[in-house]
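Several structures are given next for inspection.
Here chain A shows up in two complexes: once beside chain B, once beside chain C.
After this line comes the complex of A and B, so read on.
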């Protein structure tokens, strides 16, 4: 009998747990100290509110049940859930079982190696049989997930992943240790069962098999438990240096996010939490247009975070961060909701610091605003000057509803600053933002309407304007809903292309569709809304050449042309320009379609 | 005040022996489309910054090629990177990348000698593991 409550084999496990505990506390404490002023203020403001309740729910739903992954693919969700939730339950039920056996308390390892230290428990107490069987069922649950994980390594398609992540050596070793844990657990419990006849239905059966093979031997039993303990200890020791750090970090990240903390343009402690919360699942790789159309698989979110996180890879951080369309498809796909584009921008800002010279815009000093009390300001955006149909249509719409307006950038175009910011020219972008803000404030306009989703996102998120900002699709939708604008319905069948910056960037999906439904017949496409494809001409990537941009564009075009529409509709001058010469099907902005169908009140 | 260009301009003689082409070569390596330019000036016509100043990408392009670097960095700082030039270029020159990289080369910032893979993958292949 193992009457003693200690045996040397528990040491690797104990050392692992202790190391993990000390190391994580030290790391988390350092990261929390690294939060910037704004983030600290958010935490201080919201920490004594009930926000921890939704955080707990989200941590349970995403950290254990993996809801978002399940929505992507049932089998993939099952794999993650069985490993996370199954292991969690194994620990909880193990702790309950140990507490029942030792009402006066026990050392930590008793709960983990329960069957070794208390082999007679499930025999002596009939009610304990239930726990033994439950533990076995849970172990089967975890092992089924483990089997799927191994299967995924060989063939990942059935689990909804075309490509999987290329892991670093550390991640592979840690994964191997993790994969060893559960088979070793089963084996050691079976070995104990072969000697004492304890355990649940599966361990007992496997124990009988072992005895019939003639390996029922205390030395064999001890070896198995030793291996189990070593596997656990190795995994815990490697955890802080591998992707498995996401297990605990995600919980913290969810909590901070619920408190309202957001990433800034500098690398802060919060960024460190985001970097470590990435589980490197590789879901971001499949959706990325750079992978789908160009076969470039070294720059997706998972590799970008890896290059920022791992010191030895930091020399690659710049090229990886630069080569991205910033279409936010990965952000929409990410099951952990990491703000990948903001982190990418942080790297870009850091790399452009040496040439970020804001003194070049002296020439804007003389640009004066137009006194527009009672008017709306209309900002066409740089790109609308290349697609004048959009701004002309907007002017027609303004005139049709009798709205006085000020076309802000009719002759003198000042960029909104977002293209600069996307490339990491933070100070220069600030300079343009300052000038535009000054113009808008001094003009005393009541509302800002813009035709370009890039400008729209910039005005909405980066400017601190006190007047409402609207994209023209939102504005037209408002006019239709309030009855100011009457439209006739034509017999066109259209498909709608969601611009990245408008859809995923600002969450405007329904307003453009409502407008289109009011005038035309809107067809569904295969990949739309948050899964829409980038047109390839996005200003985010300075490295792609025309040929590569066209390849990405063609994929998006094929998606739009699949339902055989008469017209492709979009809401972005850049996307319009991209699709314009892609096919014989005409490409129109929503404003143009609306302007063609206005019913004039006097007719 | 508008300048009509009647003032005496500086000598524009070029000495090819004194020209240092390392910078041009570096730029060509980073932005291969640099050499596709036919000097049509479409970029300058579309340019937002050119609406306010005499900022002229075509001129800068030529000056850089001729190693006349004087005052070029101040010129380049006027660019707002809005990307209109990119869309009007009939040759597909990556003008934004050109401007960013010219600035880096002129400021002697270590540039990464790296470009995206140029091979285009056919759509049906790929999708393997690891």
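After this line comes the complex of A and C, so read on.
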């Protein structure tokens, strides 16, 4: 009866696939056209290189195996993997199976509804039994993930998540359709099996159960397949409008990222890929200090992207984008590696466009560079002016190694511009960057050393300087390694606080630790490196009041005080000030600890 | 007759002890340092009448000679607990215990640690001193800058560690305003050629004669007042201090170089106050001890037989704490 290879019930599926295909191609094409000049140049430059190989590997590792999620929590990784990789294998093995059964070719839907169209296949090709069992095993694999997903909805803690995302209605409907697909598939195959005895071990068993219940009936069979097809069709039709678009988009995103494309300060086509690649898993929520310490759960990465993506929600985009410390914790946690802070800054820049002007920078004209041939330029940063202990120690270190230096912002301070840029004041930040660049270039200094990680990140990434830029921890580490600076080891036990801008921002984790190990005993803390906690006094968030900042600070402080150190060490004037007010345990910058322990050469 | 233990031999504790002893009460007076009146010992003159601090110290020390007072110097009380029939049990850091029917907490304040306001450069630049150090300089007639020379200019900064959200102290320390006026006058008396500037948020001349002192400081001594806080201090190559501030009356930022920057540090609850108020369950705001009522029960606490007096409750001036010590003594005699 099924020999004509077609039945009306395949239509919902076919329509769904067709719609998804056309819609996705149209969407992606539009987004790719929306890439800016630099991004296009990157693609043109790298497209004919071997970079697609690591992209394929990463797409396989992250899109199917969900490696980063697995590293966070085994069970959560298993859940995502079984759904993604399991379904992928179902499709691939199903296609192979159909190919073997129909060597002369077959319509697309045959592979999907194989058991219906080929109930007696076991005699048609030799490994049929093996494939039937394999397909059943894969279905069990997927269903186990589905079971975990349902379990997670009730109780997410065992899967390593304290909070999960609040989804939009569309996402919930799409999820319901997705959750229906696999149980219906099992039921349909069992219904066919109850009539024809085909299928693998599980299908046959369930078919027998159905027979014994007296529901072995072609009409029932057809209804089941229809429902399965409708579930598939619905899911495919909803996909472009729901979070499940991430399934394909992530692959594209990985590829473009491997080609060297990065997001810029304006919303581009690449941003659209990032927006769509967010699976809304909600992993960004748990780590966020705003959630942990203040219980604010409407502004984390997942919600920020949602507000940008969804036109109706855009009126909320402003407070959501502003209410963030920009500590990059979510960026470190994101399994898709979305540039959450860059996108957030895009929204801020857009919001500030009306009030962003270049007036009020006349004072910049009065600041003059100093001829610094053969010297290094030292930029303390605005915040170091409030913690003079740091710049004082740096001067002592320069003098100890006989390094001539120009303290470029000693008297007339010009901000590096990053605090403004982070708030969305693009033009004003540009003015400051231009002046500082002019000063540094004209001074002819050979290297730039900064004490503030915010300035450091700015000079390193936002300026285009031709001289090396170093944070003072890097510089001191270099001096120690080259033997120029000799330090004694004191008996202090210290814990080190990774500043957000230095650690997650610039990846400087080891140099400060090496310096501290050279001169003190460094203790480990529970949350450090990528997982370090924001001190709360970051310049990223203009909306927090002092009490809220203090609550965030106290959490970070408790983490640092837990191993009972004699001193808290950090490498950022902002963090130093934050902790300084907190407790009677002394807080020192690494430069200060080093300056206290310099062994003067024999004189 | 009931026995009384007084913790803290400052002006409040001594006055309370003296009044009680005169009434025939056996008083044990505990002091963690090796001599009483540590906080006044290095003061020069006391506002508002410029009385010599040495005179006050001498008179207070004389009060301690009363036979009913037993002094326990070098005794740091760390434990305070009520043990039913035996009354209050005090434990010192060496593990000794003392029992008495009543306890007066007179553990006082500690000056704000100016290191915590790092932007003001205390401990980094030698020209930056605290009001306590300035008082010492005045007392020993050694007002000198970091190079050991007579200063040409002295700048006072009010509200260091008081009325300051960032340090966690929202309260006013009450005595610093008038102390700066007093010290500026002293400087002008000793060094008529030196300039004296006081940077303030607002000047709180709350006591008798204070307003008059403030007027005289301007008219007779030429002390200059600038409304605005100093945001940062940095060192100059010649060992002086450069300050950046805003004159909020002129609405202009200003920079000034000075020989000495005097930080008028506020009062915080002393370690003893924090620890014992916690032990006795009478913690108030900012680590200070809490009395039951600021009007009629300011020496009483929620604990039977436990009294509080002096700067362990809130910032107070010396004349206030002496009166408060007396009041605590009468509260005991009454109760």
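Operating definition for what follows: the second predicted complex is superposed on the first by the 598 of 603 C-alpha atoms of A that agree within 3 Å, B and C clash if a C-alpha of one lies under 4 Å from a C-alpha of the other, contacts with A are read in each partner's own complex, and residues count from 1 in each chain.
By definition in this document, a residue touches a chain if its C-beta (ideal position, glycine included) is under 8 Å from a C-beta of that chain, and two chains touch if they have at least 3 such contacts.
Bear in mind that the values here come from a model prediction, so they are computed numbers and not experimental data.
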Tell me the contact category for A:581 with respect to chain B and chain C: first, second, both or neither.
second
Which partner does A:27 contact after superposing on A: first (chain B), second (chain C), both, neither?
neither
When the two structures are overlaid on chain A, which partner does A:106 contact: first (chain B), second (chain C), both, or neither?
neither
Touching A:392 in the superposition: chain B (first), chain C (second), both, neither?
second
Contact-wise, after the overlay, does A:410 reach chain B, chain C, both or neither (first, second, both, neither)?
second
Please work out whether A:486 is in contact with chain B alone, chain C alone, both, or neither, and reply first, second, both or neither.
neither
Can you tell me whether chain B or chain C touches more residues on chain A?
B
Just to be sure I read the superposition right, which of the two partners does A:546 touch: chain B = first, chain C = second, or both, or neither?
both
Chain A residues contacted in one complex by chain B, in the other by chain C
385-386, 546, 577
Tell me, which parts of chain B touch chain A in their complex?
32-33, 46, 48-49, 51-53, 73-74, 76-84, 86-88, 92, 94, 96-97, 100, 103-104, 107, 109, 112, 114-121, 123, 126-130
So in the complex, the part of chain A that touches chain B is made up of which residues?
153-157, 162-164, 166, 293-296, 318-319, 322-323, 354-355, 357, 359-361, 363-364, 367, 382-383, 385-386, 411-415, 417, 419-420, 423, 425, 428, 432, 537, 539, 542-548, 551, 555, 574, 577
In the complex, chain A residues that touch chain C
385-389, 392, 410, 546, 576-577, 580-581
So in the complex, which bits of chain C are touching chain A?
116, 118-119, 121, 123-125, 165-168, 231-235
